[in-house]
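You will see subunit A twice below: alongside subunit B first, and alongside subunit C after that.
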Partner chain A sequence: MSTAPTPTAGVRPRVRTGSSYRLTDRIGLGLAWFLGLLFCAIAAAIVIYFLIEGIRYLRPSLLVTNPAAAASESQTGGFLDPMLGTFIIAVMSMAIALPVGVALAVWLSEFGRPTALARVAESTIEMMAGEPAVVLALFGLALFELPALGFLSQTTNGVVLGQSFFAAAALLALVGLPMVVASVREGLQAIPSHVREASYALGKSKVATIRRVLLPTARPSVITGTMLGVGRVIGDTAIVLLLLGGTLTFQSANSVPVLGLLRGTGDTLTGYIYYNAPTGDGNQPDKAYAAAFVLMLMVLALNVGVDLVVSRSRKAVRWS
Partner chain B sequence: MDEEDFLEQSHGISQDQRAELWLGALVFVVVGVLLAMLAFVTYQAWPSFAHNGLAWFGPGGSIDQQITRIFTSGDLKQTPVYTFHAWPLIWSTILTTVGAISIAFVSSLFIAVFIVEFAPPWLRRVLEPVVRLLASVPSVIYGLAGVLVLVPFINNHLITQSEKASVTPIISLSGAGLLPAVVVLTVMISPIMIAVFVDGLRAVPRGWLEGSLALGVNRWRTFWKVGVRTVRPVLVAGTVLATARALGEAIMLLMVSGGVGFAPNPLDGPTFFFEPFRTLAATIIAFDDERSSPPMKHTLYAIAAVLLFSAAMLSFIGWAAKRPMRRYGVIA
Partner chain C sequence: MELRKPPPVRRLTGNERITTPIVTAPPVLPTPPETNGNGHHPPASFLGPPRRPAPTSIAIDRMQVENLSVSYGDKPAVKSVSLPIRQGEVLALIGPSGCGKTTLLRSLNRLTELTRGASFSGRITLDGVDLASMEATLLRRRVTMVFQQPNPFPMSVFDNVAYVLREQASRRPRKAAIRGAVNDALARAGLLDEVADNLDHPALRLSGGQQQRLCIARALAADPEVLLLDEPCSALDPVSTRLIEELIIKLREDVAVVIVTHNLQQAYRVADYVAFMYLGELVEYGSAQKMFGSPAQQRTRDYVGGAFG
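After this line comes the complex of A and B, so read on.
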């Protein structure tokens, strides 16, 4: 910018009273500065507010005790189970979304034939990204209430409940999927075609090229996509309330150690916050603040992780 | 490792074809899931639409009474009632979405221009991660802030007793309503728009801007007339993305909207901004435990179908808007 020959152009904008800045320009520039600084103020207010309230109400004991129904705040326990639920849900849904998302991205970027199917797939994934979570949740409920899928949740008196970790993770995978696909696809497309051609010239098949050359090169994008997907998944509340039951603690379907837990209902931090907000049934804002603080820290960690991966990958590979 | 490579090499062609087939099949499955969702939700919604016709979308009667009647008619052994006039819910959804999007669009555009072009470098380095952080904060946290900070503030300082008295027989004003909902929704979707706009504005070819500057046009005018104009498709795409989020937002809006099936009336004057409401998506969350009653279930699926098709239309608009961007070499 500093190379521009006009006297008004510099590293910093200076509003001169000269003829070059008309009144509308000055109003526009002023508005940009005003709104930009207002945004800074609002962002700082949100972050600082949750930081202060979180530190005020977060006790180590909250992290290791389970929610309990009680009259007074001191006896209602912490949010161990919702926190574990958030981890379980993130891992399970990504276990579905990551392989499927990478496969879709590879197909879209490297195969993509017939073109009609590619176009349909592309718009389908885009549509999934825009679908409201409540609609996905209702669809998921209907799906997992089918008797054929009863083995994934609980059955009482022949009626399938349809709420379980399996059901919630399956539908949350659909929420995370578009993020993974978009990121991996972008990473694959950023690899110039001469890299593929070099691999083919060495006699490698297409599959070998994808597995040995393209995917390792696009690993930063895979990691970024996964983190963005996890961010969406742990932030969702509607699917958790409808498909996980929002029962605060883990309610195992039976006594089988892992499978019983995953077939049972549970909760995540978002569900816990919703329950403890003044509009929820729990109405304990202190606990909600503490849980919100923990959730914010998770989101922050994911964001920092994405930034680290992106900045490192920028340094690593240079094609030219 | 070498042996494996050799095997891959010797069966090269067949393996590639097999991989393509498997991946293609997976693509079919994913597309099939979405089509199944469209078909299933429409099928479940059909009784409600069939009984009401176009009146489903129209006004008439109290929405909450209708919901109660639909719910109870499923429990007793009587003919199911489907009468449902969703206008208050639709009107609330339109009000919040349009209100928040129009405020967020204008401010996001200016903020994005500020971040890309006018902010000091140190501020830019701070702002960009902050935008991405705010874009990924869960909506329930925004809802919590709204219901614990904004709603009490409005109730204590902005609403007068006479305003409360003026609507007492119909609704009660508690602070939760249109104003906090639009404010929180705006704060929630702005970072999404800003992030998309910033990416687009940064992709504007530098030479175009410098060409304009070389002609003696000042920086603001250059950026406004060349930069912003170039990324118009990005503006549409970002707005569509944010609209989809606003339209489907259920939890946060249920927390700050008051949760009453009421259509805020602009003719009420300033009271309009404090009137409670409930959007389409929030209604699904609010009544999801009443799905045991068959007519209620079909009604909820009808609401979901409306949301589903609105979101599908939106993503189509976004897809159509993104196409001309390739022409400029701008990809967002």
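After this line comes the complex of A and C, so read on.
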């Protein structure tokens, strides 16, 4: 640092350089570096592996043909229906999770009363985030097999099947919900209280303030939460297999155009990968790799989207 | 956890280099030019003695605070304060931090009741009507407020002002229908010339001083009768402060202005009446002339003279 001589070595604390840290600190620092690089390497390895495998097996024809049960690779077709299924499931479950999640987040952040109820709701949502999907799926199956909910799925010989896009989307909404609630809540709480008061001080009601000021301000968080929720939903396998049927292609319940499809069973990319994995029933690893590559691209795109939204909002909305 | 030894006291060892300060004449401040021909005022940093606003001809009693006490939980913040608020005069609330001046200000548009655990006694009237009997949203359109931090909403400049004019639940008026009122409010806040060409730009892109004047424009758009300012210049540079102070003096004819300030010079520059608060009590209330010239109370004399605070 400076060339001036230090008066007495013991009086002034020396400026720390790398080599003057204690041994334990140096070991800790090295470990942190090692683990950080290790996880980067693992993530990169997964991406690169599927990039190579995916590009090797992915053909445009896979995206436009339907899967078929056959023994040879050339006859098993592509994964058009599972891909569409992934989109349908993502849209349907978010159509449920987004309004419910935003409403919950607004209530928790802006009202939070009665306090005891808010506390319970908060920990319930946290618990749900940690709930294994297969447990939710089992519960969903028991729920949608009820005769009263038969209109949401197929009924054969008086037995309610309980498997449909409706059933899967309803349970997957529970998987996406905690992400939406957490993100929107965080976004609302990041707004300084004087911004709320500025709106009240202009004679605006609480509802008008939430609708016109707080939610527009928290829009980046709503988008982030939705994207994270979609990421969770399209990555789920257990609920898809149990509640969507995992039937590779769409099996409409009846001939009604859209409702019949949604009441029927289908599959998503995750179910397709499960089926075609080397240990699965289909055992077409090439197809599984190609589908996994497509799914991974979707999730990566979502993550990049989240990063973009977050960094842009950080620049745009900032009070001193 | 074991306590660490305190750092050793640094002592001079005798071999430091010592520099002797060069004695110079005290800096000569440039005298402010009166005006430089085209109506521009010199920046505030060149101000010599603070200007006193000339008293206005009219002064109408608008609000009356009677025996107001506010406490948060069991901690009293304002203790039985009574004072009038008049249109045509600027009232400055001064006093050290935590003396209750902001709480008093926030009571004037019932913002204090949003704080959990706040309790009140006494009464405040606006044109003879008790605030407690009015609907809060209607009251707050008549008594609007500007905060310490510039806090425009993250929308366009136009929408910030239009927000006040748009009805809460029914259909929103079209942009063209409120354009006149928005421009009017921006003009009253002295901001129109600067933002006329980019009303659609995000308000948070403006400079701090412009943001604060936008907040004043927003508060004026409701066409209030009383304007409350909570240390509006404490986050701003001297030039913006100067602009806002001139604005306050201009506005006092149409609205009753109450300003909370830490800055005694500012109180001296803008206020016609000054209320000095200390530990929740109103120590002294009087004209600025009297409060800064010959205050009756020893505590006021000490505070204004800089003995504490």
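As a working rule, the second predicted complex is superposed on the first by the 296 of 320 C-alpha atoms of A that agree within 3 Å, B and C clash if a C-alpha of one lies under 4 Å from a C-alpha of the other, contacts with A are read in each partner's own complex, and residues count from 1 in each chain.
Rule of thumb we're sticking to: a residue touches a chain if its C-beta (ideal position, glycine included) is under 8 Å from a C-beta of that chain, and two chains touch if they have at least 3 such contacts.
On a predicted model such as this, the values are computed, not experimentally measured, just so you know.
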Considering only the touch criterion stated at the top, classify A:V310 as touching first (subunit B), second (subunit C), both, or neither.
neither
Is A:E131 contacted by the first partner subunit B, the second partner subunit C, both or neither?
first
Looking at A:G231, would you say it contacts subunit B, subunit C, both, or neither? Reply first, second, both or neither.
first
Quick check for you: in the superposed arrangement, does A:V64 touch first (subunit B), second (subunit C), both or neither?
neither
Please name the chain, subunit B or subunit C, that touches the greater number of residues in subunit A.
B
Examine A:A201 and indicate which partner it touches, taking first as subunit B and second as subunit C; both and neither are also allowed.
second
I'd like to know which partner A:L29 touches here: subunit B for first, subunit C for second, both or neither.
first
Identify the overlap between the subunit B-contacting and the subunit C-contacting residues of subunit A.
8, 12-13, 203-205, 207-208
Any idea which subunit A residues touch subunit C in the complex?
7-8, 10-13, 192, 194-195, 197-205, 207-208, 212-213, 216-217, 316-320
State the interface residues of subunit B toward subunit A in the complex, per the touch definition above.
5, 8-9, 12-13, 15-16, 19-20, 23-24, 26-28, 30-31, 33-34, 37, 40-41, 44, 107, 110-111, 113-115, 118-120, 123, 127, 129-134, 136-141, 143-145, 147-149, 187, 190, 194, 210, 213-214, 216-221, 224, 240-241, 244, 247-251, 254-255, 259, 281, 284-285, 288, 291, 300-301, 304, 307-308, 311-312, 314-316, 318-319
Under the stated contact criterion, what part of subunit A meets subunit B in this complex?
1, 3-6, 8-9, 12-13, 20-22, 25-26, 28-29, 31-33, 35-36, 38-40, 42-43, 46-47, 49-50, 100, 103-104, 106-108, 111, 113, 117, 120-121, 123-139, 141-143, 174, 177, 203-208, 210, 228, 231-232, 234-238, 241-242, 270, 273-274, 277-279, 285, 288-289, 292, 295-296, 299-300, 302-303, 306-307
Per the touch rule, the subunit C residues reaching subunit A in their complex are 7-8, 10-11, 13, 15-16, 109, 111, 114, 137-141, 144-145, 147-151, 153-155, 163-164, 166, 168-169, 202, 204, 208, 215, 218-219, 222, 228, 235
